[in-house]
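Have a look at this one before I ask anything.
The letters A, B, C, D, E, F, G, H, I and J name the chains in turn, as written, and every chain counts its residues from 1.
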Amino acid sequence: MTTPIMPKSDAADLIVAARIRQGLTWATIADKIDAPLVWTVAALLGKHPVPADKATAVVEMLGLGEGVAESLRQQPTRTPDEAATSDPTIYRFYEALDVYGPALKELIHEEFGDGIMSAINFKVDISRRADPGGDRVVVTFDGKFLDYNW
Amino acid sequence: MTTPIMPKSDAADLIVAARIRQGLTWATIADKIDAPLVWTVAALLGKHPVPADKATAVVEMLGLGEGVAESLRQQPTRTPDEAATSDPTIYRFYEALDVYGPALKELIHEEFGDGIMSAINFKVDISRRADPGGDRVVVTFDGKFLDYNW
Amino acid sequence: MTTPIMPKSDAADLIVAARIRQGLTWATIADKIDAPLVWTVAALLGKHPVPADKATAVVEMLGLGEGVAESLRQQPTRTPDEAATSDPTIYRFYEALDVYGPALKELIHEEFGDGIMSAINFKVDISRRADPGGDRVVVTFDGKFLDYNW
Amino acid sequence: MTTPIMPKSDAADLIVAARIRQGLTWATIADKIDAPLVWTVAALLGKHPVPADKATAVVEMLGLGEGVAESLRQQPTRTPDEAATSDPTIYRFYEALDVYGPALKELIHEEFGDGIMSAINFKVDISRRADPGGDRVVVTFDGKFLDYNW
Amino acid sequence: MTTPIMPKSDAADLIVAARIRQGLTWATIADKIDAPLVWTVAALLGKHPVPADKATAVVEMLGLGEGVAESLRQQPTRTPDEAATSDPTIYRFYEALDVYGPALKELIHEEFGDGIMSAINFKVDISRRADPGGDRVVVTFDGKFLDYNW
Amino acid sequence: MTTPIMPKSDAADLIVAARIRQGLTWATIADKIDAPLVWTVAALLGKHPVPADKATAVVEMLGLGEGVAESLRQQPTRTPDEAATSDPTIYRFYEALDVYGPALKELIHEEFGDGIMSAINFKVDISRRADPGGDRVVVTFDGKFLDYNW
Amino acid sequence: MTTPIMPKSDAADLIVAARIRQGLTWATIADKIDAPLVWTVAALLGKHPVPADKATAVVEMLGLGEGVAESLRQQPTRTPDEAATSDPTIYRFYEALDVYGPALKELIHEEFGDGIMSAINFKVDISRRADPGGDRVVVTFDGKFLDYNW
Amino acid sequence: MTTPIMPKSDAADLIVAARIRQGLTWATIADKIDAPLVWTVAALLGKHPVPADKATAVVEMLGLGEGVAESLRQQPTRTPDEAATSDPTIYRFYEALDVYGPALKELIHEEFGDGIMSAINFKVDISRRADPGGDRVVVTFDGKFLDYNW
Amino acid sequence: MTTPIMPKSDAADLIVAARIRQGLTWATIADKIDAPLVWTVAALLGKHPVPADKATAVVEMLGLGEGVAESLRQQPTRTPDEAATSDPTIYRFYEALDVYGPALKELIHEEFGDGIMSAINFKVDISRRADPGGDRVVVTFDGKFLDYNW
Amino acid sequence: MTTPIMPKSDAADLIVAARIRQGLTWATIADKIDAPLVWTVAALLGKHPVPADKATAVVEMLGLGEGVAESLRQQPTRTPDEAATSDPTIYRFYEALDVYGPALKELIHEEFGDGIMSAINFKVDISRRADPGGDRVVVTFDGKFLDYNW
């Protein structure tokens, strides 16, 4: 019988449940599939299509079925969860953009001219930096500059 | 006669006009007042109160009046310009958060536990990284981790 | 027993699943039913009623049931999926309109007078154009001009 | 005395008024400054910075002042006029995207893989195509494909 | 066992399915129950309570159950389907009001004084008018004038 | 000196003021310029460009200046006044569409097939119909049917 | 087995169904439980917690189960149904407030000083008043005045 | 010279200022023009056209000019001030409708059948009722019942 | 000549400017007029009517005119500045309510029964509490409990 | 079989049902798990991760299963229930912020300088204060001051 492909949000729920019950970190999973850490989490939460071999490796590692792997391989429609943007951990990033966004725009144009930082040819990294005043979260956005080019 | 303090948006418009007409970069101004680059731009656009000596230095450098300096010294109400969030140069940052925000949340919790990256004890930097495939915009968010602490 | 007609979104989910599992491209399906490519995809996603013979051909090709064909034949209510408009692949088109929409309006009026490009007597095509700087997506909107005609 | 730079919307209003009073078409102006037609209109309406020589040519042609030229040269913040999106001439483009956007997304991914049509490395053209059933507006969006590239 | 009354949207889905499968037009149904055409469609879609005899006649004609008739008889809460307002066929009516609404208001006040056209003591009719330039949809709103009457 | 063209809303305010002070009805003005009544009101309120001879006739009749006539001649951007949609006289029309819109859609498709009533090749009329139960406002929408035609 | 408490909206649906099938008016039910009419309807629709004896009396009268009574006894979260506010019967009340709200505010302040009419120490009544011009709906809001009292 | 008619909000501001400076109550003004109290306040705040003799009486009483009287005589567009709806004195009325609106709808239908309380053939009154537990604000809405009448 | 009363936001701007230029704290002003601190700031920012003697004391202290005092004495319409709610200093309070609001509701009902904390018979205080881990902001809301009392 | 983790809202519904059926107060539960009262309610409603021993104690006390305990231990995404913010008991807190938020901001800056009250290093308490004029709800927000610290 034909059935729809499992929605990526369902696949993500199963991955999260298995990950927690097996006591695995995201870092362990990312290592296992040899992929960058933030990319791995984003992809398993449904934001990127996962190559077939990596999708298989994930479901085997977590004891999940082929339906999950099939879901992971699909092209996503990347829709933000508007409600989640007010979660305090996520909101602080939006707040930082509300405060510093226009300044970043000024400095991109000063340094590069008219254009944007690509969010497609783009990567993100997160790390911990020890600091005597309290450790710090360091998040780096790294995107190719694209100039307005008619 | 009593007059209201010049709104920070008016002060910003005058600073931007003088900066452009005199051919000064933001970097030059930041150097002159010995302050970080992104902080300087954000503050002169109205997002931070500017210490009195730096406010004076800015208006002298740009040939502006005391009214501008007075405005710069004030405590701001930090209100985002909602319309500007759809400017393509700024929007790409929001889009990146829409795609990667939940993943960053997962990884902050994995590494630090329940809490947030502060957007107050916080700094941002921007730089250019040469790349044969096209130079890249690199933006770093660096905030103190704050744990939920009742 | 009377049952409601299968919603078009459910029919679309089944078509997408079968298409992917059988490794068929949209182009193959469009060829099979002898219909334009963008029209075919839009119609199978639920945006146009599908003529009975084409609906039957699609479900036979994909091994789906008469319930899917019945759904495809119905007159749709064409409602945009607001969440999907922020998917980056779709959003870029909206962004282009945000930037160029008023210019297109000026030029339609200059060339044709007061009126609109019809979105009903209308077709869309998409193609790939090779380019040494990177291949390009070329999308053409082609609609009959309708003048304001009391 | 220091004054703010003329807002781009004011500059646009003056250009539109002069253009109409002098009976000049947008095409004439675009020819005069040797720039593409849609780009020219968009830029003079405030959506692109105008190179200094072209800005000077425009204000001379239209008998406007240096303040307008200065405004034209500035980097814009590209904010859509939300109200204008419901103007019928502009709305039909949004409606077309509401109906065909998901289909275009499917076909971009089928042909190019995971990625987007750039709206920055991008151009638009508009033309009239004679048709016995009524002449047609033909608008072509042409943007470089950018693949999701970590 | 007590069960809730079938929601009017479910009743409408069943009526629509039965109507289509039996190849009946709305006009046939309206004739059968001896009611105005637009009223009939609106009522069966859930916008008006249906008198018991007419409700019975409809479910008998369409082979549906008493649960549908019971649902039809209920007093509705008349809530617009906001998503449907952007369906192009429906949207054109809203667009016409956006353009002509203030003019209609001026003319109602000129002719009748301060007041409104009732939307309760009100009827709508739709007809086709042949026209060599293409047949026309003619929709008539006919409501009692109510003056502001303290 | 170059000045912007008078906004259509300002022109409308002047026309309304002159009309009232001179005690002229809209019907008188429409007769004078030999144009349909609803079209005339809509156009003078800023929703349609007014042909030069009619614009001149209006300003002469009302003792207004050439600036008003120039404004009337311009191509409008037709933006609804969202606040006005909740004026009770205008709101009743929207309410009627909220209640009867889906029924009108069903009946257009039943009679004409897949397509729309044009709001461009379109006219509106309003009249008073005497009725012993209270006189009635009768508004007729009359638009060309356009079928979805790829 | 532990189960959640029945949502108040489900309890309300069952009460409404039983009330209609047994041909009981709201007034009969209010009499039976010896409670004010509007309070009774509001409470049974889920807007007030119902005292245990009254909850029992209602479910016995209507032949419903203890699950309904348990639901009725709960403290509600009073959330408006935003969609229902546009139901014409309800909307007219909101429209009246849109028109008369500021006048009521002026008169409360004139008569009572700075403060509000409580919506908590508050009751509503509705009645029919015969009138030769058509019977009238009379709704009375009666709330304790609370002055701003630091 | 032609000038626009003074906006009703400006007229209201002048009336309010004169009323306060002269120490007049709304009740005094209403008496003076022999009109109901709530109607008077609403009308002078811009919600109703004021008959010429009453408009003249008001401006004479308050020492205002003919421009104010002219403004008062105009037909208003009745637009709610959305911001004011969250003023606590006004908000309590909206909150009461959020809680009791559906109950009022049930009871109107039970008593009168399908229809509405008119907000046009309608009056409002406000009074103070002494109460040992604190005096009460009593507001009465009194509108003609209109049945859905095709 | 009659003039409108100075808007409270203008009065607030003048008070803020004078306060800053004279180097006065809010606490000093509150002491001077013998009023609670938070009440004083709220009232001078326009949220409460200020008794005549206190209004006079404030304008004398700050060297402002009678127009400011007249404005302060007026009854305000208390409209939130929606944009300011996203200022980080203010937003944290809203965020705390988003997280703890439902818990506060549960506990109010557990302790007091069905009802609310009044925001009218209400006071707020703010203080600093020294803490070795960093001083703390302590804000106390203190409102009379009002039970739902028909 | 792999199953998703029970959503926190489902766990909360079960806890609330068991708490009510067993006649336990929130205070009893908080005592039992030796945790602050407001924290306990917030955490069991899904706003905080619950330590394993406390989660186990709660489910044992209430006779619930391990699935509930597992859900309680998870890291939440803290999303406000927008609809609940208009519940009158919760709304009064938002209204208080709408009125006093800007004053609190002024006073935080006066006392502490530029910065915020943390909502993360933060606690809330609620208590009852006897008062002859009616007992009072006292809610205390207590958060660490964080200064803007680049």
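Everything that follows uses one rule, which is that a contact is a pair of C-beta atoms (placed from the backbone, for glycine too) under 8 Å apart; a residue touches a chain by one contact, two chains touch by 3 or more.
As the structure is a prediction and not an experimental result, all values here were calculated from the model.
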What chains touch chain B and also chain F? C, D
Suppose you hop from chain B to any chain it touches, then on again the same way; how many hops at least until you reach chain I? 1
Among G-I, B-I or F-G, whose interface repeats H-I's (more than half the contact pairs identical)? B-I
Of F-G and G-I, the pair joined by more C-beta contact pairs is G-I
Between the Cα centroids of chain D and chain J the separation in whole angstrom comes to 51
I'd like to verify one number: the distance from the centre of chain A to the centre of chain B, where each centre is the average of its C-alpha atoms, in whole angstrom. 25
Measuring centre to centre with CA averages, how many angstrom lie between chain A and chain H? 55
Gap in Å, rounded to a whole number, between the CA centres of chain G and chain C: 47
Please list all residues of chain A that touch 2 or more other chains. 77-78, 80, 84, 86-88, 95, 98-99, 102, 105, 109, 115-116, 118-122, 146
Once you draw an edge for every pair of touching chains, what topology comes out, line, ring, star, complete or other? other
Between which chains is there touch? A-B, A-C, A-D, A-I, A-J, B-C, B-D, B-I, B-J, C-D, C-E, C-F, D-E, D-F, E-F, E-G, E-H, F-G, F-H, G-H, G-I, G-J, H-I, H-J, I-J
Residue numbers of chain A touching chain J in their complex, please. 10, 13-14, 16-18, 20, 63-65, 83-84, 86-88
Under the definition above, what is the set of chain E residues touching chain G in their complex? 2-5, 74, 77-80, 119-120
Which of the residues in chain G come into contact with chain F in the complex? 86, 88, 91, 95, 98-99
Using the touch rule from the top, collect the residues of chain H that touch chain G in their complex. 25-27, 37-38, 41-42, 45, 47, 78, 80-81, 84-85, 87-90, 92-112, 115-119, 121-122, 124, 126, 128-129, 131, 133-146
Inside the complex, what are the residues of chain A that reach chain D? 36, 39, 48-49, 75, 77, 102, 105, 109, 114-116, 118, 120-123, 146-150
